[in-house]
Amino acid sequence: MTVRAAVAGASGYAGGEVLRLLLGHPEVEIGALTGHSNAGQRLGSLQPHLLPLADRELQPTSAEVLAGHDVVFLALPHGQSAAVAEELGPDVLVVDMGADFRLRDAADWERFYGSEHAGTWPYGLPELPGCRAALEGSKRIAVPGCYPTAVSLALFPAYAAGLVEAEAVVVAASGTSGAGKAAKPHLLGSEVMGSMSPYGVGGVHRHTPEMIQNLGAVAGEPITVSFTPTLAPMPRGILATCSAKAKPGVDAAVVRAAYDKAFADEPFVRLLPEGQWPATAAVYGSNAAQIQVAYDEAAGRVIVISAIDNLTKGTAGGALQSMNIALGLDETTGLSTIGVAP
Amino acid sequence: MTVRAAVAGASGYAGGEVLRLLLGHPEVEIGALTGHSNAGQRLGSLQPHLLPLADRELQPTSAEVLAGHDVVFLALPHGQSAAVAEELGPDVLVVDMGADFRLRDAADWERFYGSEHAGTWPYGLPELPGCRAALEGSKRIAVPGCYPTAVSLALFPAYAAGLVEAEAVVVAASGTSGAGKAAKPHLLGSEVMGSMSPYGVGGVHRHTPEMIQNLGAVAGEPITVSFTPTLAPMPRGILATCSAKAKPGVDAAVVRAAYDKAFADEPFVRLLPEGQWPATAAVYGSNAAQIQVAYDEAAGRVIVISAIDNLTKGTAGGALQSMNIALGLDETTGLSTIGVAP
Amino acid sequence: MTVRAAVAGASGYAGGEVLRLLLGHPEVEIGALTGHSNAGQRLGSLQPHLLPLADRELQPTSAEVLAGHDVVFLALPHGQSAAVAEELGPDVLVVDMGADFRLRDAADWERFYGSEHAGTWPYGLPELPGCRAALEGSKRIAVPGCYPTAVSLALFPAYAAGLVEAEAVVVAASGTSGAGKAAKPHLLGSEVMGSMSPYGVGGVHRHTPEMIQNLGAVAGEPITVSFTPTLAPMPRGILATCSAKAKPGVDAAVVRAAYDKAFADEPFVRLLPEGQWPATAAVYGSNAAQIQVAYDEAAGRVIVISAIDNLTKGTAGGALQSMNIALGLDETTGLSTIGVAP
Amino acid sequence: MTVRAAVAGASGYAGGEVLRLLLGHPEVEIGALTGHSNAGQRLGSLQPHLLPLADRELQPTSAEVLAGHDVVFLALPHGQSAAVAEELGPDVLVVDMGADFRLRDAADWERFYGSEHAGTWPYGLPELPGCRAALEGSKRIAVPGCYPTAVSLALFPAYAAGLVEAEAVVVAASGTSGAGKAAKPHLLGSEVMGSMSPYGVGGVHRHTPEMIQNLGAVAGEPITVSFTPTLAPMPRGILATCSAKAKPGVDAAVVRAAYDKAFADEPFVRLLPEGQWPATAAVYGSNAAQIQVAYDEAAGRVIVISAIDNLTKGTAGGALQSMNIALGLDETTGLSTIGVAP
């Protein structure tokens, strides 16, 4: 099979990472690359790490340019995917890395994004109960946010097994690429090197309803997530520290058994051996998630920590993994669990 | 007044920071500097940033060398301070930056440190209710751990005002200097740059009982702290994200009012204006703590975030601040709220 | 003496560093702070590390606002200082941290900056032969560029002593704050962390003629400098590696003797003991320059390496040092040779 | 073809990078992994980024363990390769990533390494004139040092085309992984983050004679290299700034033409388009070298800048590339020119 793929938004970080991975995908041929303000520029000046594509030129993002491909990856600002997808027709596999089609609840969308809800597509987190089946043969995929990927993988087994109460607390550190390539003063190297800082505190970050949706569905009851994201002085990676109060009868062995079982057959999620803790460096550029669990007896809480690469498993790798499923390819094609370290 | 000060453990990070601050203290004259394996070496080769002391030579750590000073700062490995303090006699002000005299409960000490409890000294966190008065005129000071400083400052007003329930959840990121200067493979620059990772997860970090002791005393009832420390790719700084379930009737305004009141007269703690969040870079090298609060209505939690420099307010700055109080000097002498940024 | 100082351009990195240092200067009272696009904002939101000034508001940059001060620091874009200085009148000490008045040769100015030459002011590098005397009592000071500071300190003793030939080669690494606070994509944290890259290669960097001017004046003959600046993944600091072919008869001892002599009485320049090398971390936030020399016998070259903080000795510290001289104060007032490390 | 490969020294950075690349090599099966002090440990605890090998156990480094493989990679301390190689016999392809067999001149070896010279093997820098042919069918490969790789690629075309004089000046910045995984205080994250510092200044770095050997052979006459290495705050990457005085008649066009020609058919070396400069981030984890040239007319010098990943093209990638040639495989098998960025 040769799959012809286009990437809209090829000059940004998500678009660049999709291209990095597509270059290593044996069944994919890279077609049109589009941009908005960068149309007409060589990719080599925008993504200097993608040497094999250095001489490709960005075209404007339009239905004409994107037509005629088997798969179109959309790495566009929130709110722009619906119009493009409609023009592409129902036979093209559209993989949206924006937020537009992630949420099921229109009220949630409107509250957090302030515009009209475009709809809901099959959710590209195959490890989440029910998601893998929904992706098979689908022509539309909503790729999860990077934080919801890290947090949902960390906590869903605890909710699926009924180990914890409904109120989760999450503090996550993200590398700066999660904030995108737009030049903003607080993202300057001079500002972020040597500094940790929070943002979107108090339940206002847009990824919060996505976590609640994912975990609530698994729990079978409404849950809450107190989510605090922090910006860390590193280009990539998310480390999510997640916890919830343990239900009676839960102990360290029960927790470990549940997680062992949840991930036993997952190619990209690794429950680390006891005594070893996740580190973002270990998943740098890889599609793996590393997970470890603990039970704090004195505090009565289950603690789960996950590390992913926000651009790979958290965005572009998850997108390719879901594409593989949708197209009937082996889920791991073109994806790796090997990080680039140190 | 001229205070003659000695520093035991002058080659490490805590010792170096004490010296950096003492050099700017108008009432202090720096006396003996001691080390263990580095005795006989020039300070210039060990602490190349302390140019005015470059030609001073480290002496061995002994009672003879440390005798004859008004103040002795101990930056020694845990468990070594008691013996030294005893030999120095009751008239010398001994400021211990190790853990030996921080805990009140001997059982806690034995469980977390594995040796016999040496005792309890007045606790060098003047902002904590009751501490400032206990430091006045004292000849012994137990400087708090860096994490307990950040976390106690963040949460004590909430407990003092009865705003939150007894179960706190804390995730804190620390710069690598918190782990000291001993060369260990996981602290190599190659390992830590670009990486976030947790350690001491599940209630086993030695700073946990110290937090519980501080906050429980303020709350007037037993509390729990689920504490997860993480190592961040920066040399200095602690960002602590702390939360607890709000009691009925608490809202954002109530929280803000309590914190405004708690820190109104504190020279080193700044509740930031609404909309501004703490960042470790803003307190780099400074004795200030920056604090911000939020109330997550959906999750029903009060969230408090504090940023300090782990070596300054979290260790050496707190030590000097406490020394000033003990000696009857203005508490702010030789200390600054100005960070070095960017 | 109380000197009333205003800072124009207080929201940028140079302006912020001037304020950080002025806050510690015992003879200075900080007056008006001005900005352009940030006028009307609280300084606390722009320079969150300067807590004592957090509630000060930026005024627009104008002669009215800046009038009535004893000293005015200009941290403005190139080409804007002349007009402001003229309006301030001859009795105000104007310290220009821009490039406008650094070069003596109008043709150099026009070639590198593309506008008309505004003139030449006494040059704020007191250590350079002849400069200190010219600063005494002056009402105008042109603060050197950060690279020329590091390179001139490194190489002038070799030229003054006639040790090296006329063709110097310099490769320097700078922290990102040297590029200022304007948000540009290549300065994003995501781009600079983990990366070294050159810029302005081949003699086109605007600091090149300033180096040639300084060293040529000391050498007494025309010299060339092949200068390559590189951007390093750190917020602050310059490490300059400078070399030139040794003249006959020169050896390691001759070089060392010349540098010992050149800096023997300089309060801010330290020739390190043999075997110790400069590191930018050791001068972080300090006004010191650390220097070391080597003689490569096989290559026949004298190599001199200097480390400074680009914002302190390289900009704002040099500015205060020069101001002290101009005002007849002790040159070291309010300045420190102590770095913040690790 | 299935090639069975063993790696001696699998717990270090070079060994880990060889394994990372071998895992992606379609013709290689990974056999024994050996260590010294780490024998008996799981690879997962030592190289947590290599998930597919996490459960492999390190064996002791011995001829018995290494026997029975087609290729043996040696990532051992200097001076240990000769004895191992001898025991492996002449039919095994031995790829030595240590220094032992790089130098041709025994006196150079003895002066820089202080032991007896073991011999000279075909040199694993295929791009260097003459090297590719010598590697074909060879059973022994001496992988170049990381700095000599970056510098030789940068300067050999200038010497091959007779563009520059015999005295080269090189200043190179290296990521910390170049210093290996041994825990030394000056390599701690606390020390290296935020700091640039030189080492091995004045011609004493052990990679100097290797550069001189490579470039002198191309030049056909003795040359000198004034080499200054610096340690940069990043885990990986080398940026080498290399220059030499231009011979008469040389200008920018001549230089560019020579480099265009030298690298036209090289799969791993990219002369960047004019106006674009190498950055280490763009080759992170890739086997590519990015190169740019400039001619400084005022200084009369040719400047060449190269960026490589010290562990990939500078060590393990170069090793695999050379192995491919020796085994008669396509030179690019299992290697990529795509970096992981941002």
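Each chain carries a letter (A, B, C and D) given by its place in the written order, and its residues are counted from 1.
One rule holds in what follows: a residue touches a chain if its C-beta (ideal position, glycine included) is under 8 Å from a C-beta of that chain, and two chains touch if they have at least 3 such contacts.
Small disclaimer: the values here were computed from a predicted structure and weren't measured.
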item: More contacts between chains, A-C or A-D; value: A-D
item: Equivalent of A-B within the choices B-D, C-D or B-C, defined by over half of its residue contact pairs recurring; value: C-D
item: Centre-of-Cα separation between subunit D and subunit A, whole angstrom; value: 35
item: Subunit A and subunit C, separation of their C-alpha mean positions in angstrom; value: 45
item: Multi-chain contact residues (two or more partners), subunit A; value: 13, 175, 177, 181, 188, 190-191, 193-194, 233-236, 279, 281-282, 284, 342
item: Subunit A-touching residues of subunit D, taken from the complex the two chains share; value: 13, 16, 20, 23-24, 42, 44-45, 47-52, 54, 177, 181, 193-194, 235-236, 270, 272-273, 276, 279, 281-286, 288, 290, 336-342
item: Subunit B contact footprint on subunit D (complex, rising order); value: 13, 175-177, 179, 181, 183-185, 187-194, 233-235
item: In the complex, subunit C residues that touch subunit D; value: 167, 169, 171, 173, 175, 188, 190-191, 193-199, 201-203, 208, 224-226, 228, 230, 232-237, 239, 241, 243, 245, 277-282, 284, 292, 294-301, 303, 305, 307, 342
